[in-house]
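Chain IDs A, B, C, D and E follow the sequence of writing; residue 1 opens each chain.
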Amino acid sequence: MIEDIGFWFSYLTNGKHLTWYASFQFTIFAALMGGALAVIFGLAGATMKNSRFMPLRLVGSIYSSIVRGVPDVLFFLFFPLAFEQAVEWVVATQVCSPEAIAAQTAAWPPCREANWFLGTTEYLLLASVSLGLVYGAFATNVIHGALRSVPAGQLEAARAYGMSHSQVLWRIHVRQMWVYALPGLSNVWMLIIKATSLLSLLQIADIVLWADRLGAPNFLPAVGLVHEDWRWRYYLVLFVFYILVTWLSEKGFEAIMRRVGKGILSEARA
Amino acid sequence: QETVRIATEGAYAPWNFLDDSGNPAGYEIELGNAICETAGVTCEWIINDWDSIIPNLLAGNYDLIMAGMSITDERLQTIEFTEPYFPPDPSKFAAAPGASIDFAELSGVRLGVQSGTIQASYAQDNYASANTVVTFATADQAMADLAAGNLDLILADGAYLDPVVAASGGAFEFVGEDILIGNGYGGGLRKEDTELKATLDEALAALKADGSVDALIAKWFDGRGPFFAE
Amino acid sequence: MQGFLDDLAIMAPAVMFNIYFAAASIPIGFVLAVFLALGKGSNNPLINRMSRGYIYAFRGSPLFIQFFMFYSLALSLNISVWRPLGISGFVLHPLFIGPMVLILNTAAYTAEIFYGALRAVPRGELEAAKAYGMSPRQQFRRVVWPNLIRLAWPAYTNEVVFLFHATAIVYFALPVVGGQADLMMTAKSLFERDFNAFLHFSVAALYFLLVSLVIFFIFGLIYQRLMRHLPAQPGIRFVPKWMR
Amino acid sequence: MQHASPAPAGSSPVVELRGLHKSFGALEVLKGISFAAREGQVISLIGSSGSGKSTLLRCINMLEIPDRGDVLIDGEAIKLRGTGASRQIADEAQLRRIRSELGMVFQSFNLWAHMTVLQNVMEVPLVVQGRQRDEVEMEARAMLDKVGIGSKTDAYPSQLSGGQQQRAAIARALCINPRVMLFDEPTSALDPELEVEVLRVIKVLADEGRSMVLVTHDMEFARSVSDWVIFLHQGRIEEEGTPDDVFGATKSARLRQFLNAANHT
Amino acid sequence: MQHASPAPAGSSPVVELRGLHKSFGALEVLKGISFAAREGQVISLIGSSGSGKSTLLRCINMLEIPDRGDVLIDGEAIKLRGTGASRQIADEAQLRRIRSELGMVFQSFNLWAHMTVLQNVMEVPLVVQGRQRDEVEMEARAMLDKVGIGSKTDAYPSQLSGGQQQRAAIARALCINPRVMLFDEPTSALDPELEVEVLRVIKVLADEGRSMVLVTHDMEFARSVSDWVIFLHQGRIEEEGTPDDVFGATKSARLRQFLNAANHT
């Protein structure tokens, strides 16, 4: 019995598992960074959508509808690749000599010197930006909607007493907007958390990749503990992890909501 | 000292896998380190999915692939290979014991392969019309499906299957005839990296000459071979 | 330009797989969702807890993980359960297990939408039904359901589109049988051939966008029919909102 | 406990309330209310905002379940079990039968938004009472004509003005041919002209001998339409009597203050 | 066009409307309205639902921009440019200055939901007028005491009853010390007792000599509070005069019908 516990303890704390545990940091980093960027892009997008200047309005609208119109995975894969290629292309116009281009046999990059090495850090940053861009489009919609849900009377009252545009915007409109935006933003945050499970598609050795490797059946004693297919158990752990994060986030959002919702929400009274 | 980034899959024991401390280990890792040492360069190992291992080489995310990759004409169109570091080795079929499979007219069989391997294209060309070819992202996943009875048959490198079938205690057995496809296993390189190829080939030749390569093969493949010195 | 047309042709069959996955899961997910939503609204503590738990679990975890988990779970039950039943090849086939996981997933999301709508059904209309002596079944059929479906429709439309988008990750998690590759797999393998990210992913995106628009259009038409009783609120409101 | 109502002795009460108590959490809204309405009687409930008028009305058809006390319709008590806040309906079938004799007109009308006016009116006779469609339709059209919106049968509630909605709601309640009509503030939010129309309809109903219980904050309206007026204050009946007594010879100081305010404006 | 109002000759009008027209799409709501309110005068607007009362009030502080016609405050016309539906504010700064002299009390109060009562009252003096916090706070508290909700300073609007919200809204408008108060249906949805309180506040204001324009559907209220009554009908002033004239010696047939209905209940 004691031996069993000892065995499992050392198995679950071997280097492979420790690496797995450590990889949770990638997931958490991507979620936080992606979330922060999504709010920033969302605010920018909503401002553009509300702009009086037609082209800006168009940009905001196209951004939010095109990005929401394609699957998040697709954009998530596309953006880092495209960004890398764009950078390499710009670099290529500066550094590539005709000979170097001629010597290049692969389809990309144009020449070896233009190549940009992407490691885990770079991919992680790109993945976060990519999450921010995708879910920023959703946040744009949420914030835009929230700005419009503030009761017209609240703004009219401010105007009627002589407040200027910016006073109305910042003292009344934006201040009340958060209450209407938060439920939507909380949804977006939940989507971001879930999208972090896709990091392994960008060559990041994240929790999903390790769960697969750890759970895969092993037949060779030389490789480590011989076991059959244990993957679903490892995935179950991730399943529970995500549910826990969701649960924690919900609690967090409820607390924030109670703060901002003071006076506006009827529940806030209770 | 120059750094060479080497990509491997880490899910193809005993060629390459992740050991209990989470680091890459296996035949190719030891060999790669030996080559680097001989050639006087520093090695850095990168784990990359098999699926995208060639594209990422071309994209410049690393310089060398050592991932149990067979040298084929098709791959030679896009990348270059070092001299083989593992002799040509027949591909083999494995199945659950007692399976009666008629290889003369193979039909209605669920055949598992790893996507992007020589076995995958072989199966696609020869068996796809009459059978179901199921492709998996890793060889381990394919083995799991075979073990769980979701596949009738698996086609993979003999050197990969040998230890597995031996260690399975009768859970798997070889069936049918071996097939010789591929020209041995080599390290994948970008075509323009001719200098690197030369360096590595030189080091590899030295290691072959003094028997180190065969010693490593013997160590990792239960002394089964195949060996270069024959 | 030629590359664009070639891609269009290559991906046309692939998009059918995405459509299949969505079409196979939407109707069943819908029915399941109705029961789950009613369960979550039920006063019976057991039914209520179970529905709540189910909805929470499936909304709280990534679909990607659900695919991996259910596939390897199904695999581990293969010899003991599916084999003896003789449904082994069927159960583990991506064309079955894909929609199955999607159904479980979308049912949870849809149930949450329906539950929200259930609570938004005008209390007064329900009280009127009660006050005039309708039975619970009659209340549901005649008053609750017509209100619920109208309230939920815009959100449900979004969910259907999301579900369609979610079909993009099926083959990142499941093995590919024969040549049955979907849009994402096709785009990815095309990309790996010539590194033209902008072309191949854009064509795939175009297909997704196109089908999404068709969904919006069809669901918008239905919404228009559902909202006949509100003349001030034309149903097309939904589509322009999308295009905007 | 039963209060004498000015109805011909001998006729049995159509609605009778016995010692009704109702609390919401710690707030005791009704503290023992008893009264009886006889055939053809119109009873008005008045009182300040929050005094429990709506709650009382909703207790009559068990949309709120009283914590204590009984509601009798035609001498038959609505069966309840349990006590206090956990009190429950004991016999759903009985309640459904009784409810279909109580035609309630809600303060906010509560017309079913997804049905036309005609469908709204026909719904209960068809679905609950299981009557013939032809017959019901004829009756419904006649009823809509009677309340003066015969031309609006195919409109949806959202296409009607407030007064029209109000009248559609009355027609819906009437078409189930109830023993008793329950009205909650039938003239709130109507302009003076629309108020007159509703008043006219209610008078016609009273003349037909239908019993009614109605809640209103319009004293003029209460005076002109009812046989008996009940003033609720802090969950109790503070004063009741004929309109002439209540408005003419007010006894309670609280009611006098309340009426004063009403006259003042 | 200017109508004679019964104010001491010589005092100049605080609010003056000249030939105001306003359409919503094809619907012409105001068809040429002119009147003037002098210092300390209380003007009531009456008329049936949809007759354009609220629209007229909202035109005074340009929450709706009239298609034609001018609004003059203290003899200064609010500058507009363009014509018809595309007419726009010409001078934002002027409008802001003028608006802060017009204290509007909205029909639905429009208290800022995210601020306490005290913050609501102090917001405009602090933010728009840039006054000292201490001074403003003292004044605000005094004002809230005056309207009788001094004990509710730290409550949020959602925690107040309707009557209390109404009074908070009045305090907010008063605290900007406006030349003119604009009230939209200040007693709608209040029970008789609350109505009396609001009436009292308005009378105090009138006694202090503040000008007021108010919209109401309560004839009694209009009669008791105003110096001048204007009856709107189909976008025009159908009749106007002192309360005694308008209610006592009604000339227009339409108004007589309207008032009849009001008396009938």
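The rule is simple: a residue touches a chain if its C-beta (ideal position, glycine included) is under 8 Å from a C-beta of that chain, and two chains touch if they have at least 3 such contacts.
These are the chains along with the protein names UniProt gives them: A, C = Polar amino acid transport system permease protein; D, E = Polar amino acid transport system ATP-binding protein.
These numbers were taken from a predicted model, which means no experiment stands behind them.
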- Query: Which other chains touch chain B while also touching chain D?
  - Reply: C
- Message: Keeping to the contact definition above, tell me which chains border both chain D and chain E.
- Response: none
- Task: Compute per-chain Cα centres, compare each with the mean of all protein Cα atoms, and return the closest chain.
- Result: C
- Please work out which of A-E and A-B is bridged by more C-beta pairs in contact, and write that pair. A-B
- Note on the structure: With centres defined as the mean of Cα atoms, the chain at greatest distance from chain E is chain B
- Taking CA centroids for every chain, report which one is farthest away from chain D. B
- For chain C and chain D, let me know how many angstrom lie between their CA-based centres, rounded off. 46
- Rounded to the nearest Å, the gap between Cα centres of chain A and chain D is 56
- Query: CA centre of chain B versus CA centre of chain E: separation in Å?
  - Reply: 86
- CA centroids of chain A and chain C: separation to the nearest Å works out as 22
- Task: Among the residues of chain A, pick out those that touch two or more other chains and give their numbers.
- Result: 106-108, 212, 229, 231
- Task: Return the residues of chain E touching two or more other chains; collapse runs of consecutive numbers into ranges.
- Result: none
- Note on the structure: Among chain C residues, those touching two or more other chains are 72, 75-76, 191, 195
- Which pairs of chains touch, using the document's own definition: A-B, A-C, A-E, B-C, C-D, D-E
- Query: Within the complex, which stretch of chain A touches chain E?
  - Reply: 151, 153-154, 156-165, 167, 171-172, 175-176, 179, 262-264, 266, 269
- In their shared complex, chain A is touched by residues of chain E numbered 61, 63, 92, 95-100, 102-104, 106, 108, 110-116, 123-124, 127-128, 156-159, 173, 176
- Query: What residues of chain D sit close enough to touch chain E in their complex?
  - Reply: 48-49, 162, 187-189, 191-193, 195-196, 199, 217-221, 224, 257-258, 261-262, 264-265
- Message: Under the stated contact criterion, what part of chain B meets chain A in this complex?
- Response: 10-11, 13-14, 17-23, 25, 47-49, 52, 56, 58-61, 78, 138, 140-141, 143-144, 147-148, 163-164, 167-168, 190-192, 220
- Item | Residues of chain A touching chain B in the complex | 14-20, 84, 103-109, 112, 115-118, 200, 203, 205, 212-213, 216-226, 228-229, 231
